[in-house]
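Each chain carries a letter (A, B and C) given by its place in the written order, and its residues are counted from 1.
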Amino acid sequence: MMNQVVILAGGHGNRMKVAIPKPMLSVLDVPMLGWVIRACESAGLSRICVVTGYKAKMVEIYLGNRCRTVLQEEQLGTGHAVMQAEGFLKEFDDGNTLVLCGDAPFMDSETISNALKFHIQQENAVTVVTADLDNPTGYGRILRRGSGIAAIVEEKDATEAQRKVREVNSGAYWFQTKALLELLSGLSQSNAQGEYYLTDTVGLALEKGWTAGAYRAENPDVVLGANTRKDLLHLNEVARRRVLEWHMDNGVSFVCTDGVIIGNKVEIGAETTILPGTILRGKTKIGNHCTIGPNCILENCTIGDHVTLNSIQAYDAVVEDAVKAGPFVHLRPGTHLKNGVKIGDFVEVKNSTVGEQTAIAHLTYVGDSDVGKKVNFGCGTVTVNYDGMVKNRCEIGDGCFIGCNTNLIAPVKLGKGAYTAAGSTVTKDVPEYALAVERADLKLKEDYSKKKLRNRLFPGDDE
Amino acid sequence: MMNQVVILAGGHGNRMKVAIPKPMLSVLDVPMLGWVIRACESAGLSRICVVTGYKAKMVEIYLGNRCRTVLQEEQLGTGHAVMQAEGFLKEFDDGNTLVLCGDAPFMDSETISNALKFHIQQENAVTVVTADLDNPTGYGRILRRGSGIAAIVEEKDATEAQRKVREVNSGAYWFQTKALLELLSGLSQSNAQGEYYLTDTVGLALEKGWTAGAYRAENPDVVLGANTRKDLLHLNEVARRRVLEWHMDNGVSFVCTDGVIIGNKVEIGAETTILPGTILRGKTKIGNHCTIGPNCILENCTIGDHVTLNSIQAYDAVVEDAVKAGPFVHLRPGTHLKNGVKIGDFVEVKNSTVGEQTAIAHLTYVGDSDVGKKVNFGCGTVTVNYDGMVKNRCEIGDGCFIGCNTNLIAPVKLGKGAYTAAGSTVTKDVPEYALAVERADLKLKEDYSKKKLRNRLFPGDDE
Amino acid sequence: MMNQVVILAGGHGNRMKVAIPKPMLSVLDVPMLGWVIRACESAGLSRICVVTGYKAKMVEIYLGNRCRTVLQEEQLGTGHAVMQAEGFLKEFDDGNTLVLCGDAPFMDSETISNALKFHIQQENAVTVVTADLDNPTGYGRILRRGSGIAAIVEEKDATEAQRKVREVNSGAYWFQTKALLELLSGLSQSNAQGEYYLTDTVGLALEKGWTAGAYRAENPDVVLGANTRKDLLHLNEVARRRVLEWHMDNGVSFVCTDGVIIGNKVEIGAETTILPGTILRGKTKIGNHCTIGPNCILENCTIGDHVTLNSIQAYDAVVEDAVKAGPFVHLRPGTHLKNGVKIGDFVEVKNSTVGEQTAIAHLTYVGDSDVGKKVNFGCGTVTVNYDGMVKNRCEIGDGCFIGCNTNLIAPVKLGKGAYTAAGSTVTKDVPEYALAVERADLKLKEDYSKKKLRNRLFPGDDE
């Protein structure tokens, strides 16, 4: 018996004023379609067919080899969309088929699995997934008959009494695949919109004397979709809050969650504190006892334990234990900060390894460099890694002391314990423990500013 | 027939602990009085008299020539305030007069126009603008008589039953101007406060056998005012949310609106995303498909399409298409970034034009400069535009390559394709394709740090 | 008569996944235990015994000499915890004893004092402090008898009817000290958990024919505690909002409070505006008419009047009147900015005094320096205060003009009105009004980049 999924992803978000298919709109940086597919996969359903329509190419590129697709060329309703998957359905028609909306991102694997169990147990031809809402306005209402379902009534067709029903249609259904195929062939366009409605399958099944049921999901968010950007913001808020609460349950501390956005794949250790305005994206992993924020962005970063990051942005960087960085720091891809590194303000590090306990206190750029441990960077140091044609590396040995406003012209190597004098441009290798100085004589011109300054700045200052 | 407006703006926000007139307190950077005047103007009412009182001069300066003003020297009530405009009213007494509170910023043009239509249709002497509130506590309640109004009862004078009335007085009224003049002359100070109350005009009109009506506004926010800073924060929140929703309807995307404040005059194109902590002020205009934020401030800026701005502040700047800037960038007035410019971290640009595809990657100041296209700025470059007396300009030709920590002493001109060596101070013009070098010889002092360093940093390191 | 306090602080926050005692978890940067002690002290109660348990050492270190402590070695319930203080109680048994939970931070001095008055007036043996909650779920319910109390029923033992009671136990009690000692000796472990419950004292007192009362606090927040990190976040939100409202009542202006966190000891003058994302910590004091934020962190800072701070972080700094700083500035401990100083972008100041009207516009580090008034710092200036061994000071006289990318090698002194040329490294003192220049000759190499550049950058540019 093969259980499989058809996901409807052909819709256009007209009211979003956006030229992309609605299921491709993102909730917490993942397209809604991605949320739906992930829920299926978590429920053990890997045979999935996505019905595309508006800007099908964009959906196909996003899916890659992850799912099959079929194209619905004309937008003739949800029933018509499922019809496009007829070939897919017929390949394995001895099991059940789940039909899902590609733009209802909070359908979860537990609901999918429990609804299937119920569907099989009840021997239903079709099982509608439903939920009870405090405010059902706008949704199709479920009319019950015994323990089964009598009908789904759309908001606009509902009587006053029917509108009070709080159980609503999620738009997700389990069908016996054979029954689905037969029901699809019975759908008609004889309605005001001239469309084939998947909801009509319930009535058709009952007419045939088959059993039709409704599985009430415990999680009412399964029905949530988005017609407007306001709805989409709401989905993001629901997802955001859910992720934050999951981290709180894991022992992560928040004083104020304003502006905190954490992606689904982020891991954070216990007793770490996240301060406001912090955005964690991609496969970021943070250890224990850290303080991250305020106003950090970490994307695909690995952060150790006891790390303090204050107002920094880091992308594809590795930060080991007990590092302190910030405020106002930019760690670009390929940065690796080893244990106990200290980075102060207005520092950029890129494609470089920085050794243990090295300090880069202020206004410095370290790029394409291999830096030893216990190095001290003076303020204004620049690793001159680009000569206009190619990028070269700097190698800086353990215990080096780089003077302020030093230029290190790559490729260049500073031996262990080497010094550079402030303001020097270092164009050749410096041996261990040597000092490199590039400097002209200092000349003083007496009384240079006497006339121009005195009257302007010190009007009362007589000679 | 002349329809005109009297706006009451004499009040002092005692409970705000602020030495400015209450209507001058701002909601989203615009004084509440400005909101009220704009609503009148949108409703086609341009003949406006503002009644000033507390710190009248401040209101007069703000208004400039936009409205007439009259001074209420003593604070003797709302009726007394309108009396001060008697001269203004008598100039054109054949139409209707709208009386508005200068500190109720959400009165809107639609309510003003519809209330006037109702007022004329009903041939009312006076029409009170009202709204239904879920929680009417603190507001004057509207007692109805048939389709008209019987009385306005203040909270403190209301019976238990009257307090349950949810229709409240907004403090805005349409009067037949002639009726208003007659009613004002009938007001008395015979009450506990010894003040002339404008609300008493309703009772007076009814005594005279005139018709008095109430127009119920659809937008309940028209009644909102502020007595405390908490109220004022609430007004800001209402205004903020309204602006955000308006942009969402236009196709602008928000993942989380925390800390996002967008002024009334800001325009944003569809499919642009605004990230948290972003403040957009003044006449800022943003194109399509941009990503702005987090934590940007843009004030009076014009931003093209496909622009990415991350944690930058920009004031009176023009940014063309496909520019990327940030994080930690400051664009000061007179900045013009052309198509495809890239600005990295810790960069300031001021009063300069930067040509297409030029890159300013890090720790650089470009001021008072004209920069060509495809220029590459090394890290730490400074355009030395100020000699302590005057500011001069730098001119940097197409395709120049500026070495790191270069000083360009303005006025100076770099020809097309010119190079400067890292660490050079460039005091004279550099011809096309030439290299400018200012550098002393590099000297190495062997074993300079051997003794002082070795014991400290490498205790286990024997020679 | 001696009134005294026993605070229970032995609990472990298991569900917080944190290895510290629950009362040591912070709300707005102060451990909950600190909030409780402060409330006692404000109520004039200085004789306090804290019962420790889990990680007692951590509590003892935090308390120092502030309170006595006793250790509860086994966790055998709240009654058992109070028993550990028997010695403390017996020292002065002629008065009353307040028992408080160390993890209910919003117990306030007014409730404590009023409950004591009530307790004495009613001649109660024990008085439970209670509060009415809209949602009492999870709390012990108060069953009344006449004006007194009949019992406290835990949620899990309550009948349907009892669960509807909205008056709940705060966990705080006033006892006559003698009665408490007698009641404690009567407690037993005969319950499911095998623990001694302090709540059982109420029943015991009634059995003895003593009077037991309940004092209903006006502030329902007195009952709030935290079992989960979600609860703890809620406590932080309550505390945050309360502090913000207190400042609003004092005339401080907020446009949007997102991400604003203000500590309990912070003082802010009237007509100052705090923008989003601003965190004020420690003993920070801000004057009137300032604009602070967005995204500032100020910790233990003293800020004058009419100061504008935009996206800066300052720690242990003093900022006088009319200073403007930001965006992107870091003021480290020992910074003192005098009247009218202007600090621009990407500037760090540390352990330095900066004189009146001095300007540090961009990309500069001023450390360990004494700077006069009306000094102008060029972009990229570095005070080279560290030679790898010791830190030295720079002294910069009034009206100096420091050229861009200048290094001032400390110790060094620039006399009044001294100039330094851009790019110079200044290694010795500069007399008044003198100019210091360290610079090599500028050489131009013609046609240096002609070949390598032209084909790459200007493919269509024929010679």
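Basically, a residue touches a chain if its C-beta (ideal position, glycine included) is under 8 Å from a C-beta of that chain, and two chains touch if they have at least 3 such contacts.
Just so it is clear, the model here is predicted, and its values are computed rather than measured.
Matching the C-alpha atoms of chain A with those of chain B calls for a turn of 120 degrees, to the nearest 5. Chain A and chain C touch with mostly distinct residues; of the residue numbers seen at this interface, under half occur in both copies. Distance between chain A and chain C, defined via averaged C-alpha coordinates, is recorded as 32 Å. Under the contact definition stated at the top, the residues of chain A that touch 2 or more other chains are 258-259, 276-277, 295, 328, 346, 363, 380, 388, 401, 405, 419, 423, 439-440, 449, 453.
Within the complex formed with chain B, the residues of chain A that make contact are 16-19, 26, 28-29, 228-230, 232-233, 236-237, 240, 258-259, 261, 276-277, 279, 295, 297, 313, 328, 330, 346, 348, 363-365, 374, 380, 382, 384, 386, 388, 398-399, 401, 405, 407, 409, 416-419, 423-428, 430-431, 433-440, 449, 452-453. Contact residues on chain A toward chain C in their complex (touch as defined above): 245, 248-259, 270-271, 275-277, 294-295, 310-311, 327-328, 344-346, 362-363, 376, 378-380, 388-389, 401, 403-405, 419, 421-423, 439-450, 453-454, 457-458.
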